[in-house]
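Per-chain residue numbering starts at 1, and chain names A, B, C, D, E and F are given in the order in which the chains are listed.
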Amino acid sequence: MIYITRRERFNAAHRLYRPDYTDDQNFRLFGKCSYPNWHGHNYDLLVTIKGEVNPETGFLINLSNLSSIIKEKVIDKLDHRNINLDVDFMQGKFASTEMLAISIWEQLEFEVDKLGARLHCVKVQESENNYVEYFG
Amino acid sequence: MIYITRRERFNAAHRLYRPDYTDDQNFRLFGKCSYPNWHGHNYDLLVTIKGEVNPETGFLINLSNLSSIIKEKVIDKLDHRNINLDVDFMQGKFASTEMLAISIWEQLEFEVDKLGARLHCVKVQESENNYVEYFG
Amino acid sequence: MIYITRRERFNAAHRLYRPDYTDDQNFRLFGKCSYPNWHGHNYDLLVTIKGEVNPETGFLINLSNLSSIIKEKVIDKLDHRNINLDVDFMQGKFASTEMLAISIWEQLEFEVDKLGARLHCVKVQESENNYVEYFG
Amino acid sequence: MIYITRRERFNAAHRLYRPDYTDDQNFRLFGKCSYPNWHGHNYDLLVTIKGEVNPETGFLINLSNLSSIIKEKVIDKLDHRNINLDVDFMQGKFASTEMLAISIWEQLEFEVDKLGARLHCVKVQESENNYVEYFG
Amino acid sequence: MIYITRRERFNAAHRLYRPDYTDDQNFRLFGKCSYPNWHGHNYDLLVTIKGEVNPETGFLINLSNLSSIIKEKVIDKLDHRNINLDVDFMQGKFASTEMLAISIWEQLEFEVDKLGARLHCVKVQESENNYVEYFG
Amino acid sequence: MIYITRRERFNAAHRLYRPDYTDDQNFRLFGKCSYPNWHGHNYDLLVTIKGEVNPETGFLINLSNLSSIIKEKVIDKLDHRNINLDVDFMQGKFASTEMLAISIWEQLEFEVDKLGARLHCVKVQESENNYVEYFG
């Protein structure tokens, strides 16, 4: 079993808040992340897949295929977008790093299966000080 | 003459656009950076000052004083904010990295003078692939 | 189950040595790390916790609470200090990265429980070439 | 149980291709990585070992011993070399990052045993966007 | 006057040697960099241009135009290639980082003029420990 | 004229203080950096030299010669040492980053001349947030 990780990046705006709360209530719960006019991040997305090395090629899968799928299913929907307002797979969810990692996993799990590997981990790094990992 | 640089960081949302343009016109001019619902970045701000080493202390100035001024005049106004909507010193300007660097210089120039040093460079790094430097 | 990691930093001095050894004996065992007048590092501390996403907030726990606990229990005791001489929870122990990671785990384990999550990993990075991980 | 990781680096040339394929066939399978005149990378190698802390020393093993073994068995054979042509332990194998990680594991497994620890992971980072991990 | 820098990357193989020298002579002059079967690097290329901010757009020039020119004139010729054998603008030159920086400057100088800015610096980073800067 | 930079690293302990001050006075002037039992850093040292490319070799000077000189004159004296107590060229000086950069310049200036290049800049990075540059 071998594990291979591909990094992709996206820049996006978001806000943490509950729509049923006032701005004051949201600030007490989410701090500066709740400011109403949005803020944003350079997100690093690290997708780890696992499987057996293909003896015909020496690789697990062609990484450019993995990169294409991540771009189509995740990056093109998030990059230069507002996570709360613009992203179909985040509708009705908190725009937290945790929910982002889980939702990106759901976008990718079956696509990675089709490539002949298995999704192992989705890691979303929001800043140099914080990241989230989800293993399904 | 010695040069010392302090890095501070802020996360903010922004959008590049001309208010007198349609979304289509803005997209042709600014690309994805013009998307109407904002996007954002983890910005790195590097402030370089210069002067003579103080023989009483061995340092140019106390860096914690520089850090306090950068926080008060720049970071507190930008961090977790929308550069186009929320920041007093960016009102009526393009929210480009170039204009941000120039405007941060204007915020800091006289404050650094008061500390007994001179502002040398404001560098704003928007992503791992792009940064702007302004020397006054 | 979701995993979230918070990075904090501290700068500290230390020395690897056995008090029952001569300087020569210590040098043969610990090399340059045993030099008697101390040396130091910029340490990166990465604390990973795990648990379920809270459906009321979209996050595992409020990361600023985690950060506060790490600062109080670990960083404030280590930062700008001598690990061998100044740190209560390192008394009578080797000031190795291994012992540091284990001792930081002990400082944090029950505090993380109180926040409603579980401590998963303490990672201490001493330099760009060396790091230690402890999982309890 | 404690885990400690040592990073070493090497610069090498390689090419992905099947000798029974034409250049065209190789390009369709391996893309730019198949170009016939080689390309290269700054590889980061991260070797993680595990075991119990030695109560006589406070460390798992002396990291300089681990570093020496990695240099002798791996780095000296790969650094400034052509992975396809020059490296004894890669003869007859694809010069992929996957095969490199597996082969480096084979070079190190018993050597780490002799040091009194166990090999846990070999991670080979080919670029800022791709890395492979092998756990035996 | 504002300075803006764009980073691009390429992976390439090369070798330092004089064709009129034996392998032994080349090794004495160039060390491991002269090994006959090539080695390689992940190169970082940082291109800095300067000029006035355009009052119609808030930027110096459209960075995607700069990126396109760097890709066409430099990256497409170097990426996954052998600098000594494959690159038209390096023919008959040493494949050193110094010559690479000077030659990339020559590739870009007039192209940047056409964009309405001036080339200020070409920086080529060969490894985390070495980089070259050329200012024309 | 071409500029080439070599990075070297050292780990050292230090303390900022005036010997004629009490601990309280030192704390008011230097903050946590004055704590009496030392703290430390992983220092990055970047040495930039300049000159003409040698037409016989394609490089400015052989970088391994520069690296040897930096190691002999600077790194071997600082690495794993106490800057205040152990380093001959820092005796009687403040152990600030500013004084360190100036003193390293003095150690290297004539040595670089002998290699056939000129020293351009000594940059000392004390942490990810602070660095000092000295140009003579």
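Following the convention adopted for this analysis, contacts are C-beta pairs under 8 Å (C-beta built on N, C-alpha and C of every residue); 3 or more make two chains touch, one makes a residue touch a chain.
Only a predicted model underlies this, so the values are computations on that prediction, with no experimental measurement involved.
In summary, the chains found to touch both chain B and chain D are A, E. Path length between chain B and chain C in the chain contact graph, taken as the least number of steps between touching chains: 2.
For C-F, the equivalent interface within D-E, C-D or A-D is the one where over half of the contact pairs agree by residue number, namely D-E. Set against the Cα centre of chain A, the chain with the most distant centre is F.
In terms of the distance between Cα centroids, chain B is separated most widely from D. Look at where the CA atoms of chain D average out and do the same for chain F: the two points lie 33 Å apart. We define each chain's centre as the mean of its Cα atoms; on that basis chain C and chain E are separated by 41 Å. In whole angstrom, the spacing between the mean C-alpha positions of chain A and chain C is 29.
Counting only residues that touch two or more partner chains, chain C has 128. The complete set of chain-chain contacts reads A-B, A-C, A-D, B-E, B-F, C-D, C-F, D-E, E-F. Residues 9, 11-14, 32-33, 35, 37-42, 79-82, 85-86, 127-128 of chain B are the ones that touch chain A when the two sit in their complex. By the touch criterion stated above, chain E contacts chain B in their complex at residues 1-8, 48, 53, 56-60, 62-64. Here chain C touches chain D in the complex through residues 16, 18, 29-31, 93-99, 101-102, 128-135, going by the rule given at the top.
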